[in-house]
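Chain naming follows the written order as A, B, C and D, and within any one chain the residues start at number 1.
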Amino acid sequence: MPLRRVGILTGGGDCSGLNAVIRAITRAAIIQHNATVIGIEDGFEGLIFDRRCELDIKSTREILPLGGTILGTSNKGNPFEYREFDDKGQIVVHDYSERSVKNFKKMMLDCLFVVGGEGTLMISHEFFKRGLPVIGVPKTIDNDLEGTDYTFGFQTAVQVACDALDRLQTTGKSHERVMILEVMGRHAGWIALESGIAGGAHIILIPEIPYNLDLVMDKIKLRAAGGSPFSIIVVAEGAKPVGGGEVITHEAGKTLQGVVRLGGVGNTIASQIACNIDLEVRCTVLGHIQRGGTPNAFDRVLGTRLGSYAVQAAAEGKFGHMVSLNTPDITLAPMENLAGKVRLVPPTSQLVQCAEAIGICMGR
Amino acid sequence: MPLRRVGILTGGGDCSGLNAVIRAITRAAIIQHNATVIGIEDGFEGLIFDRRCELDIKSTREILPLGGTILGTSNKGNPFEYREFDDKGQIVVHDYSERSVKNFKKMMLDCLFVVGGEGTLMISHEFFKRGLPVIGVPKTIDNDLEGTDYTFGFQTAVQVACDALDRLQTTGKSHERVMILEVMGRHAGWIALESGIAGGAHIILIPEIPYNLDLVMDKIKLRAAGGSPFSIIVVAEGAKPVGGGEVITHEAGKTLQGVVRLGGVGNTIASQIACNIDLEVRCTVLGHIQRGGTPNAFDRVLGTRLGSYAVQAAAEGKFGHMVSLNTPDITLAPMENLAGKVRLVPPTSQLVQCAEAIGICMGR
Amino acid sequence: MPLRRVGILTGGGDCSGLNAVIRAITRAAIIQHNATVIGIEDGFEGLIFDRRCELDIKSTREILPLGGTILGTSNKGNPFEYREFDDKGQIVVHDYSERSVKNFKKMMLDCLFVVGGEGTLMISHEFFKRGLPVIGVPKTIDNDLEGTDYTFGFQTAVQVACDALDRLQTTGKSHERVMILEVMGRHAGWIALESGIAGGAHIILIPEIPYNLDLVMDKIKLRAAGGSPFSIIVVAEGAKPVGGGEVITHEAGKTLQGVVRLGGVGNTIASQIACNIDLEVRCTVLGHIQRGGTPNAFDRVLGTRLGSYAVQAAAEGKFGHMVSLNTPDITLAPMENLAGKVRLVPPTSQLVQCAEAIGICMGR
Amino acid sequence: MPLRRVGILTGGGDCSGLNAVIRAITRAAIIQHNATVIGIEDGFEGLIFDRRCELDIKSTREILPLGGTILGTSNKGNPFEYREFDDKGQIVVHDYSERSVKNFKKMMLDCLFVVGGEGTLMISHEFFKRGLPVIGVPKTIDNDLEGTDYTFGFQTAVQVACDALDRLQTTGKSHERVMILEVMGRHAGWIALESGIAGGAHIILIPEIPYNLDLVMDKIKLRAAGGSPFSIIVVAEGAKPVGGGEVITHEAGKTLQGVVRLGGVGNTIASQIACNIDLEVRCTVLGHIQRGGTPNAFDRVLGTRLGSYAVQAAAEGKFGHMVSLNTPDITLAPMENLAGKVRLVPPTSQLVQCAEAIGICMGR
């Protein structure tokens, strides 16, 4: 298929490596196909409101090491259910899908590359079913996508959390404290598990394995009794106590955007532990530091490979597919395969077994 | 003065570079004076309860890049007012100063090197007044000590905060969010100010300059109006609103050690901003990640110089003094000079002027 | 199989992640099997001369982030052909294999874990054939081992080279220079290829694709003509010109250990380019900086998984096998499979295609 | 003085922090004085050939963490003695100073900020004497400028070298090798001395203290005899043997730009050591990796302060002066003070004493 004009759109949360994908698509489309490349701005909002720019070799120069996305991104712009305030300040929902299709046609694109998470890719698949030539590039910091070994951004997030653990280790030890690091992972514990193993954590709590606080306390006390009155705990933000015990989330008042959370599971556990043992406890919520900033080498290579292969797939007319890592190859899979499939950490997986084999308490 | 036996003690909070000081004192004392070096463990607790080990070239090998202190440290062990639980679980206060002096004499030390913050050094000065040959090495992550250009650990903390800001910048920009980073600094805003300038923050709030939230909001809105609907705010944990407005600190219940704070000034500001503008706001509390981990090159050199010079000062009998950086030299100052003198950021200092000259909002 | 006493030996060149493997084997053997763990020092030299120490939880504490190997390593100690100087200063070769077997038996080990490259594993396989219960853990910085997706240490080396490229990029651009970075890879170009893609190199030269200097010059000139009078070249130390042109290696005189090389292919190319174009050319040989230092998170996880799985394999009596990464699993393969199989970069592989698709010149 | 139009020029070698200076000058000039800011490209070449661009808030956004200089730089463009090839390929020298003055007047600048090393600042002083309103910002990676505590870029270079030493330490120890790191410093040993202390080097050789190879060998042998058969040596590129022994510089043939050096003092020492002891020796020449890349927090703050203060100095009419760090203040000094004054490491300075006190061999 000739690729004369192609578009790129990045949707959903930030993720290190997005610019590597944008750069690779742009370069491959221009160098291999002499195509014109259009950047659609702020995710699907750019499609709805026709916000775009032209990308070329020059404008994608020097973006490989940059975090974020030069195209902007957005979590809210679902064209099928777009939320806005009306004149009276009430939230109303519009279906802007036809408008998006019309804008797409106006742009005269031979292919639209969509880089995004499950939500973004499912929207893209809807557009594909309506006839748009779409190729997907999967993106999730949490690494919880079925059908791909790793998603870009994940290894960088693990490294950031591991660096934080390296720093907490020495402070925990010098001060004889329990140090808790809350990392990303609402549904899947991959970041917590890999960074915890890499950072020498003593306890790792993930959503897939509800934790028994008594066992966590036992581990801390056992360590203290053995001459190590400090422990490092990594907890995924979606970790839950066994039996569904309560996670105290303090809210700081209603806001236009919802609510600013004061503390989640990390702080809940911190206070529960502090009430039960004569050790100081500290909790750090790593937050968006995991999302942004320069990608590590692994994610730069992965993002570049996915982008370059996506262009090849487009030239072969493989629309409705997404590219994914099937070590050591990049391969194609139908986008519809994604629907509703979150790749969780199997509680009996090798990785969990490895953690437990070397003495890490998984809270069970 | 002959140095046949010397002791080292590290007190107060963790700080990158402590091991560089320990290593330098140990090596200089052994290499220059053929001395025996005794490490007193866990701050003044080690003096009270006579916990110690011998340090030599081998045991201080490879500790230069390590965070923390191989001797352990403690915030609670003031020998003049030592707090313990009695049999009934009540807190009682003992004066263990004579016991400490007795232990010191038992160790037969020609000099005790005490590495610590204002509290630790004041205690040391008391012992000096009772005849103990003490040399001080000042330590504070906050850099708020009178009479020294920089304290070790500070530059490392600034670097850690700056790295976090680099990562938040791209996420803030991609997502059009207000990103708040709360850093250390209960009384002094040095970390916030230097890391904010280094990390390209748009707003920096420090304890020395009470902030006017309206001006903070104006800055955010002005940026949004100018096409930059995102802002990066660095706030020191001790920052206060002008007029003494309230900082909401949610507590997670009483504990043996006091209280686990849920959110401080960073989260308070986050919710106040979120209630006033249609932008998402996120707050990250960096916490102990700033305290621990490998010191940067600057702090390794500074720690090594302070330690090596302290040994020279001891050999010259300059007890009751502390070593300090007087760029480019290490010099001596009486320890009593420290008393009650916290080095705050002068609101009219060059550094603050520099920040404001390049357009950073200091909340005033 | 009961594991009452096990031994660990690390051989061959340094590699980030060795201590992660040692720590994982030690912890898993003790925690899962209550075993005694013996560390054999300095590779096979420790087996020949019976140099060993006991490893336990405490002695492997805090080594996870450390580069190198706490057991020491050696390139020269092949027990089957051990080279020594005799009384007259002549090199003589001894077969110490029986002596090694005797020492092994004296240690009464139920399993010997050997961590090493192709050479080390082939020697181990010889011992296995003589009845020793050996499990292999493959190690090569170059990632050129058949049968495993990645070897530990490789990603760290790629990251180090990528960091260097990030720094060279800005200097190259500011100065309008050709910057050459020579990286490891005598036979295989994996480090050069992945770090070159990650670091935004314009030209990558690897052993598997003999380079045509004219094409390299064309690329540099084309870039200069297009307004970019600077280029970044990554060259693997084993890269060769097409047709076998000469690589000038200056020697700095004979030494006991052989020869100190002054310049290799990187410097040869540097001078050839400098003679042909009016641009300054600089070459940096990264050398052993790639081998040592703290492993990144990926390599720490990989090393830990390999070590922990090796213990499981030993308990199942799978001697003569080695553990390897078969993403996402760790699996077993017979050690003899390794013999003489170096995993080179296929010149038609996806990875090379990716590089060329985005405009990187591979010298062909 | 009103500042309506100002210019910025960066000359000499690359240095981390240049963009921080450019950004600070641009922002302060616009925000404080509403000035127009002109960037002169490629050092003085831009003045000779009238190459320039306009700088504003937007074009200096996001450059704070970037290495290099967005204005380009040049080592060769001395307007008083400009070297070019004539038609016959011969080098001819032109005096373009009047042409430069004419271009300067054409630009109608109220002030020209020149960021550069001794050479660049001396040229600027010549122009000042001819009536041009010039303010200097000193720059040298080597930190060898009289009248300023630190120059920006230096601490970053020390950190890069220190990181390399951290990695060489573990490889050196595991392999029992002598590892040599050659760092920048043709005349002054500041980088070698500070990075060597920070990186735990055993031997540091600097230009200011001619080294006695016998003493170097003694140190290596003493360490080996004491159970440490490895040593880490940091050598400044300008280090010289006592008595003027020969440094073997292999040349790789004549080129248009001069000569590509194969090995300098680092490799010379490597081969001399290798010929005298039964240990393997490796040398890494760090080269331009020290010059480029993201500045650390210290250099970003320093560059920002110098730039912002330079604008203030211009507004006060302090032409012919340069800004410099006089910890903790930025102060002014006449540019002519610089002439011919290189700040060397005094062999009896505290810093050298410190190194020797903890057992580092300085080759004397």
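As a working rule, contacts are C-beta pairs under 8 Å (C-beta built on N, C-alpha and C of every residue); 3 or more make two chains touch, one makes a residue touch a chain.
Quantities reported herein were computed from a predicted structural model and do not represent experimental measurements.
Engineer: Among the remaining chains, which ones contact both chain B and chain D?
Structural biologist: Expected: no chain.
Engineer: Looking at CA centres, what chain is most distant from chain A?
Structural biologist: Most remote chain from chain A, centroid-wise, comes out as D.
Engineer: What is the distance in Å between the mean C-alpha positions of chain A and chain D?
Structural biologist: From the centre of chain A to the centre of chain D is 41 Å.
Engineer: Would you kindly tell me how far, in whole Å, the mean C-alpha position of chain B lies from that of chain A?
Structural biologist: Distance between chain centres: 34 Å.
Engineer: Multi-chain contacts only, two chains or more: what residues does chain D have there?
Structural biologist: 166, 169 - these are the residues of chain D that touch more than one other chain.
Engineer: Go through the chains and record each pair that touches.
Structural biologist: The complete list of chain pairs in contact reads A-B, A-C, B-D, C-D.
Engineer: Can you check the complex and tell me which residues of chain C touch chain A?
Structural biologist: 23-24, 27-28, 31-32, 57, 62, 64-65, 149, 155, 158-159, 161-162, 166, 169, 194-195, 197-200, 296-298, 300-301, 304-305, 308-309, 311-312, 327-330, 350-351, 353-354, 357-359
Engineer: Which chain B residues qualify as touching chain A in the complex?
Structural biologist: Those residues of chain B that touch chain A are 13-14, 18, 66-69, 72-75, 160, 163-164, 166-176, 179, 248, 250, 252-257, 260, 262-263, 267-268, 270-271, 274-275, 277-294.
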